[in-house]
C-alpha cells in the first residue's frame, strides 16, 4: 500500500477485516507500506499491521511477493505509481480520482485494458458504491422499480470550509488535488448516478465558485485537518469549494448536481435521488443504513416513501454482518470493496468500477470545468466532440 | 373576487376567517364573486359566502361598494383586471404570477406605484411568505443567525405530471399559464429566497425541459384535476415540466434552483435552505410547521440542526391560533395574507409583496427562459442589460 | 354554544367552516353564545360570529330556535347542561371528558340513549378521531393491514408543566377538571386506541404522579395560559401531571400508555402505534399529516415504514380540502366533527363517538385511578366487577 | 474467548481492531477459542483469528499465557466460567446478563470484588454504553444539560418474534436464557437509564407476556436465526416476548420501560429519552450516530430538538475514527469496550460496568418478574426488602 493518511487507515482496516466476515478465495496479507516520511511511516505500518515499510514505492512494484498495490496517495502521484504497477503485472486498487487529468486517466485506462489481457486486475476506489443501500438502489432500478427514469438529483454537501479561517490543506491546492469540491466529492455523485441508473452523462452545463478565496497557511498537515500557523499569512485557494452543474444523461434525462463544502451543518450529506415513472429512490449518507423507496404502483392511499433499513439478509453485503437493525459504518464500504476485489482476483474476473468507468467520471468533471470556464455553456463529455454541445 | 377555482376557495376562506383570529382595523365583507359560467358561479358564491355574483368582472370595478378586488384567475387575465381595478382606485390582491409577461408586469407595476400615491394598495399573492416557519426564517436571517450567506438551495418538487397519462390542463398550456413548472411553482422559490435573504437575483443560467411532451386531451376541467377524455387524442404540452437553474444573487452568492412536477413521491416539497458562515436554515413545506436551524456558534459537540415547531407564541402569526404543538395547515398562509392586507389598508401602509417585488420575480423567470433558449448561458435579470451577463 | 375558551374558538370556527367545504344536508347558524362573564362574553360572541349572548346557559335549552347545544365548558358543568339539553330534545355535542365522574357519565349516557329514541343525537368531542391519518389508520386496521394485533403503544406527551413555575390553572384543580394529564390528554389515547383497534380495554394497572406538587397561584385566567401573580403564593396541584398505565384489551392484547406534561420538548406528541402480525401503524400528532405504515407482507428487502402523506383524495376528509401535499392543521379535526355531526343529524343517524363510547373511556380512566391508588394492582373496567381483576 | 456465536464474532473483531484505532497500553493477542463442537470451533477460530482451540473452557483458565477470559456463551454457563476465571486471577469480560439468577450474580460479584483486591479486573458486556451518542448523553446529563430529571422513557423494540412461525431458539428457552425479552434486551435499557441518569431503580411494577406461546421446533441452530424443522412439531416458549414495566428511581422519578419482540417493523429500536426541567435527550439505536437534545434554556422561539451527529471530535470515541459525518456501526461499541478494558488493565483501574452494576440490573429484572407474578404490585429491587414495596 502506498500512502497512509485517512484513506490508508480505511484501506488497511478493510484489508485486515474482509476475510473475517466474507468467504474469500484468497487471504490478504499486509506486506509493505510505502510513504515518504520515515518516522511517521514506521508508526503507521505498526498501527495498520504492515510487516515492512519503504520510502520508495518502487520497492512494492519490484517485490515479487506482492500481488496487489493499493494507491492511497493524493491524485498527483496516481499516474506514475499505477502505470508502473500495471506494467509489473500487479493488481491495482487506485483511490479516486483516477488521476488529476483526463490525459493521464486515458493512459492509465489503456494500460489497465492491456494488463487485463494478462489477467491483471484494476479497480478505482469509488467505495461508496459498496454502501448496502446504494448497491440495493442500483439493483432496484435495474429491476424496474422506478420505471422509466424521469430525473436525477444528487448533492454532496459538507461544511468544513464554511469557516473562512479553516486552514489550507493539499486538498485545496490545484497542483496536488487537481480539483476541489468538484473532483473530490462531486466525483462520487457522478459515479454513483451513472452506476445506479446504468446511464452515461453525455453533456453538462456547470458553474464553479471559490466562495472563500484565501485561507490561513497550514503546516505540513496532510489529511482533512491541520491547524493554521500563527503568522497570519493567508494563501490562495486554487480550487473550487462549490460546484453546481446540470447534466444530461444519454437517455435525455436531466440531472441536477451539487458538490459543496459550504453547506453549514451538513457533515457528509451525500444524497442521491432518482425519480421515475413508477417510483423513486432517495438516499443520504448521513443515514447510510437507510434507503427511501417510493412505489407509485402501490394502491392509492398507501403510497409514500418507505424507509428501508438496509440491514436485512436480502440487502447487498448485509448478511455478512449483524442481525437486522444493527447498522454498519463508513469503513464497511472499504471492507466490501476489498472483499469484492479479492473475490475478483481469485475468480479471474474484472472488478468494478473499472478504470474505464473512472475515466468517464473524469471526463464529466473535465467537461464541467470547461463549461464553467465558458459561461456555463453545454459541453460534451465525449472525447471526440471538441465543439460546444449542440443540445 | 374574480375566479373561483382552487385559489378562490382558499382566498374566500381567508376572507371569512382572518378577522375571527386577528384583531383587524376593518372587517371584510364578501360582496360579489365574478366568473364566466353562470351555473357554477352561483353555486360557488353560495358555498364561499358571497352575497352576489356577476359574469362581468367589470361590475366589481364599477361597484362603489367594493373596496378590494381579489384576482384569482389564470395569469392571462391578470393584466386587464388589475389595470382596471387600480385605475378605479380599488385595492388589488393579484394572485401570482403577476402577469404572463414581463411587459404586462411592468405596466401593472407602474400603475400600482401611481395608484399608491392615491392610497390604493396592491399586493401579489406569494402566500407562502406567510407560512410561520418561513416568516421566522426571514427574521432569523435578518438578525444574523446564519451570518454571511454562503449559498442558497431551493427546490419545489411535485409529482403530478410524472404519470404520462395525466391529462392536459390549462396549467400546461402556454397561452393560459404563461409558463410551466418554472412560472407556477419556481416563482415561489424565487420570491422566497430573495425575500428571506434580502438579496436580489441578478443573473441566471437555466435549463428547461418538457419531460412528457404530449398528454391526453382533457374535458373542460379547470384546476389541478380533470380526467382525460376517451378519444385517445393527445395534445402538446407547451410549457416546461422541469426547470433547473443556477442563480447569482447581487452579493455574489450562488443559488441552485429546481422546479419540477416529475419528482415521483414528492407531493408539495417546497424546500428552501440557506447556508451561511454562522448557521443554516432549512424548510420543507411537506412539514410546514417545522423549521430546521443550525447554529455554528453553539458549543462544539452540541451543534446540529434543531427542529423547531413553529407553533410558539414567538413565531410569526402563531400566537393567534392554537396552543403550542397544534399545527397549522396550507390555508393559513392565505388567512395571514388577508390579515396583513386588511391591516395595511386600515393603517394606510403598503403591504408586501409589492408589484415591484413580483415584477422582479417575473424578470428572473424570464431570464431563465432566455438562458434556457440560448444554451444555458448566463443572463442578467436587469431590464437595462440586454447583452449576455459578463459574470 | 356554552363556553368560549380555547375550545370555543375551535368549535365556532368549525361551525362557521364545515359547510364551506363539505356538502351538508343542513346549514349551521351560530345562534347564541352562553358564558358567565358578560364583558368577555360579548366580545367573544362578536369574534366567533354568534348573533346573541346570554349568561344563563338555560336560555339555550329553552330557546325553540336552537337545535344543537355545543358544550365547551370545563368538565364539572357538563352533566347539568347535557342532561337539561337532552331532556329538552336538543342535539348535544359535549366536549370530552363526558363528565368528571363515572356516575355522572352513566346518567348522561342513559339520558342520551333515551333521547336517541326520540331522534335526539349526541356526540362526545374526541375530535382527534377526525384527523385524516387516524381515521385512515382505523380503516387500515379494519381491512386487516396489520393482521392480528400483537401490541398497542400510546403516548400523549406535552411539556407545559415541566416548568415548576408555570402557574395554576383550572386544569390542575381536581374540582374543576376532575383529573389531570390522565383525564385531559390520556383520555384521547384511550379513545383512539379502542376506536382504531375495534377492541375494548377491560383491565388496567396504573401509576399516577404529581411531579410538581405546588405552583404559583394564577389570576382568574381560564385556558392553557395565565400568569402567576406577584405574591409568591403557591397552591397545591390536586391532579396528576404524569400517568403511566398498562392496559389489557378484551382480546388479551397488552397496551402501554403514557400521558404526561413533563416531557420537555414534546409539544403535542400524541402518538399511537399498533403492532400486528402483518404490519404496523404509527402516528405522531406533531406530524399530523403523516401516517407511518409497515407492511410485513411486502417482498423481503422492500419492507420498511412508509411515510404516507394523508392528503390524497383516498384519505378520509382530504378530498374536501387542498391538492395533495398541502397539509391540514389542528382545527380541521373540529371542522370534520361538525361536518359528520350535521350530516348525522340531517340523515337521522347516530354520530360517533357516542356517549356509550365516552363512558367506556371514563371507566378506563377511573380504573387507572383506582389501580394507582392500590399499588398498581390490576383493575377491571367493567362496572359489574368490583373486585380486583383476576388476570 | 469462550463461545463463538454472534457475540463471538463481534468480540473477536473488537479484540483484533481496538489497538488499530486507539493508543492502548497493551496489545491484545487472540490466544485460544473455546467451544463445544470441534468442527465448527476450528472454523470459527480460523475465521476470527485465534491461534488455538479447545473444547474445554477450563484450558483457558489453566493457561498461564492467557490474561483475559472473554465469556460469550449463553447465560447459563457464565457463573461457572467466570468464577473459575476470577479464582485463577484472569481478568474477565462477561457478556450480559451476568448470570441467569440473582443468586449466581451475587456470588460472581463477591468474587469480582475479592479478585479486584488482587488487581484482577472484571467487566460486564453492556456494550451499548459505548455508543458515542449514549456516552455523550450521560456526559450531558452529568453536566446538567437536562436540569432536574422529571421522567425517563425507554423502549427496546424488535420484531423478529412477531411471526408466529419463527422457530424456537435457545433464547426462548428459560433454562438456557434465563429470561426472554426482559432479560435479553430489557437489561440494556435498565443498565443504560441507570447509567445515564446516575440514578438507581429502587422499585418496579411490571407485566410480562408470552404473546406467541408455541413455536416450531428448530434444529440445533444457535444464535438469532435457525430454521424450523419439517415435522410441524411446536414447542412451548418458556420466556416472555413482551415486558412492560414502570420503575421508580431512587430520586422518585418514574420511568416507563418496554422490551418487546412483537413490534412489527422495529428492527433494533433501542430508545432512551430523559426529560428534565431544563431539557431532554432522546436516542434511537436505529439511528445510532444521532442524539437528539432539547435545550429549554435556549431563547424562546429557537427551542427544538437538535439532531446531533455524534461524529465530531468532541464526542466520546469519535476522534479515533473518521471525519465528521462518517458514521460508525454496531460493532464499534464492542471495539470501544475492548479499548476501555485494555486501557483499564494497563493502567490498573477498574473498568465499567462492574459486576456490581450488572448485579443491580439483574435485581431490577428479578423484581419485574416477581411483580409480574404478583399482579403487577410494586416490588423493591433492594435485596434486603422482601416485602411488597410500600411506595
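Should a chain be cited, it is by its letter among A, B, C and D, assigned in written order, with residues numbered from 1 in that chain.
We take it that a residue touches a chain if its C-beta (ideal position, glycine included) is under 8 Å from a C-beta of that chain, and two chains touch if they have at least 3 such contacts.
If you're wondering where the values come from, they're calculated on a predicted model, not measured in any experiment.
Novice: How would the chain A/chain D interface be labelled, same or different, where same requires over half of its residue numbers to be shared?
Specialist: Both copies, chain A as well as chain D, present the same residues to each other, with over half of the numbers appearing on both sides.
Novice: Report, in whole Å, the distance between the mean C-alpha point of chain A and the mean C-alpha point of chain B.
Specialist: The answer is 40 Å.
Novice: For chain A versus chain D, what separation do you get between their C-alpha means, in angstrom?
Specialist: Using C-alpha averages as centres, the distance is 37 Å.
Novice: Using CA atom averages as chain centres, what separation in Å is found between chain A and chain C?
Specialist: 54
Novice: Listing for chain A: what residues touch at least two other chains?
Specialist: Answer for chain A, listing residues that touch two or more other chains: 266, 303-305, 309.
Novice: Quick one: label the inter-chain contact graph as line, ring, star, complete or other.
Specialist: Drawn as a graph, the chains make a fully connected set, so complete.
Novice: Applying the document's contact rule, which stretches of chain A touch chain D when the two form their complex?
Specialist: Where chain A meets chain D, its residues are 6, 9-10, 12-13, 16-17, 19-21, 47-49, 158, 160, 224, 266-269, 285-289, 309, 311, 321-332.
Novice: Along chain B, where are the residues that touch chain D in the complex?
Specialist: Chain B reaches chain D through residues 136, 293, 298, 300-309, 312-315.
Novice: Using the touch definition up top, name the residues of chain B that touch chain A in the complex.
Specialist: Of all residues in chain B, those touching chain A are 146, 150-151, 153, 155, 159, 162-164, 205, 207, 209, 211, 242, 244, 246, 254, 256, 258, 260, 262-266, 273, 275-280, 294, 296, 303-305, 375-378, 388-389.
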